[in-house]
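We just call them A, B and C in the order they show up, numbering each chain from 1.
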């Protein structure tokens, strides 16, 4: 029971959960889809231009205060160039509610204007949230791939005649990815915990922002509720990561 | 043994390695040859340059710190060192193959044996595959798996159909080594370079692997360059042996000739260091391998040689022919002294 | 025939020099530290860092007099940012000191003594580790009064488990080593062994982690400030400055921009240096 809004805390929470979920998933997708190729390229062209660039980018990514870069993005893209909306999740009417995830719902109901609208709105916040994980994933994949390049089985495969790109993208990558998986799980949790700053800046109607506002208004029950949900989500993710780990790395599966 | 044409010939190979501490002169005028259906042993202590030689032949020596100064590596009519990467890949990828030293780390742990062998069978020798081609060809799986099973049978692995579906972690060292041999034989190579393949295995398993290699040499006219520090194994398997010391060839002869009548002091030492009973390990020779960055002048073995002469400290002995299939690099015999 | 090999230290310096980024990181930190220490002399209008108001100079864009412009009550933004460095750096130092002072001994004890001690300490640590730092910090600030000290306390509170865990792992691996056995058989007191024998052997990973964490702690502190949970106005804290400036976007862009930039550069400095140290010590740190 919320002290401020006098409504059921869980209702408030779950109403806002999909928003945060969508943001976090989008940010994670960006981080992974951009981070892995970048990491692989950096490893393959170690110490050359692209590696140096990605290295600088990685340092920037982890050092940038999310709230600040979010604001900078707003200034650049929204205010000055007017390309993207400044805040909020959608300008027009939201698509028919199926899952609460606007992007998904609008696709499912073939509501393309709504899809474009949601997409434009989610672009800046998800990029902002994805920067730090992106940097970390890139570095991690790079380090793992470099390690893979030195592994006996990589060298042996290559000598016996395995085509190079197959060796890289199938064999080495699978090994490298397994190591990164734990971190991705951790990052997911981190993202959930850190989404509120981004939500604040972009006025994203998510659970995290609700959590912060509750803290600001000393709404203890709500705070407890939010913390619980985050905690549970965290545990769930770790569990899923463990499962995936076992699936991907047969050594773990078979040792049990 | 059926001795035929020379398929591999290394002449005057000099390789340097740039390190923080200076330039390491790892290989200094290496001469070596291998003929059809012949097993040639390359024997020497750890650190004498055997692996570097193998890597140079295979082209897997990292070239920025490594540098080939001079020499030729003639393989089936081409000088590998003069070919471009593409050409070299073409020539080598199916005709020359390799068995690594440590079977425990030489197979990718997250893919099944069948997967790895299948991919190798389908695409061995190609430099790159397009993604579409990859997806399309994978549909037609049956052929490759059947071939893989056949290959496993060829290396005497029991229950080959089962093994195909297993991960490397489920197999013993000996099994993994057999899988690696099977993979090496996929393209029916002319030359197999075996880098101490039994060092990491138990003696009893070793026997099986050696027998397997012998079998293949006979059946398929395979040539093998067998690298080892174990004279006992070399004696068993090889037709001819090259004794290597500190990046140079000390002596080479037919196995029987070499072991019954060694001429180079280093060779004699190696032989006498073998414990009489098992023929397995060295007991060691006084001294250590030289510093490659600042190697001894003259003959590289002279600081440890029991029969060193003045000339040994100044002039490097040339490798000269002293008999049929027999070469020697030692001042003792060029000047006609001692035996 | 024995040539002198380059010593290990020489090799390490060779590596460090090869890495210009770590030198940049070091210079940034030194610069920031000097700014913080000499703030009153560097700031153009030191009194503006506190509660002074000059309504006549409201919202001036950057100029020679006011390199970062002025804020909503006419204070010089540059001076406020300069003084903000003191708060953030102090926060980093305090948080890390507390975290280390609590976490390191706990980790050592858990690793060395084992048994019940180990179980209790590590269980508690695990619970704390399961929750993302910011969330915990938030939760803690929720129950306490909102000011700078409490936010520092909250962050330190969430930070120590990481050190406990790191030190615990290192202790486990070190305690089996010979030098420990030797000390034990010589009858050294257990505290001595822990603090004078085992601990010095893990300085490398500790040092790297501390350096990197300084940056992250400052980031968290600024985030709390941004949300209004840390230092309260009129104190000039970087995060607070950013949030105050945000209301006046986009016209008064300078208010948020420079304070945030300061955070960025400082944290970057720590990250660069930490990374360089990591290469220097050739160490794996989580």
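We adopt the following convention: a residue touches a chain if its C-beta (ideal position, glycine included) is under 8 Å from a C-beta of that chain, and two chains touch if they have at least 3 such contacts.
Given the structure is predicted, the values throughout are model-derived calculations rather than measurements.
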Which chain has its Cα centroid closest to the overall Cα centroid?
A
What chain lies farthest away from chain C once each centre is taken as the mean of the Cα atoms?
B
I'd like the Å distance between the centres of chain A and chain C, where a centre is the mean of that chain's Cα atoms.
24
Distance between the CA centroids of chain B and chain C (whole Å) is 54
Computed distance of Cα centres, chain B from chain A, in Å:
49
Residues of chain A touching chain B in the complex:
151-166, 170-171, 174-175, 178, 248-251, 254-255
Which part of chain A faces chain C closely enough to touch in the complex?
55, 59-60, 62-69, 71-72, 74-75, 79-80, 189-190, 192-194, 196-197, 200-201, 211-212, 214-216, 218, 220, 223, 227, 230-231, 234-235
Which stretch or stretches of chain C touch chain A in the complex?
21, 130-135, 138-139, 141-143, 215, 219, 222-223, 226-229, 239, 242-243, 246, 249-250, 253, 256-257, 259-261, 263-264, 267-268, 270-272, 275
Chain B residues touching chain A - in the complex, by the definition given at the top
58, 60, 93-94, 97-98, 100, 102, 105-111, 116, 119-120, 123-129, 134, 167, 169-170, 180, 183-184, 186-187
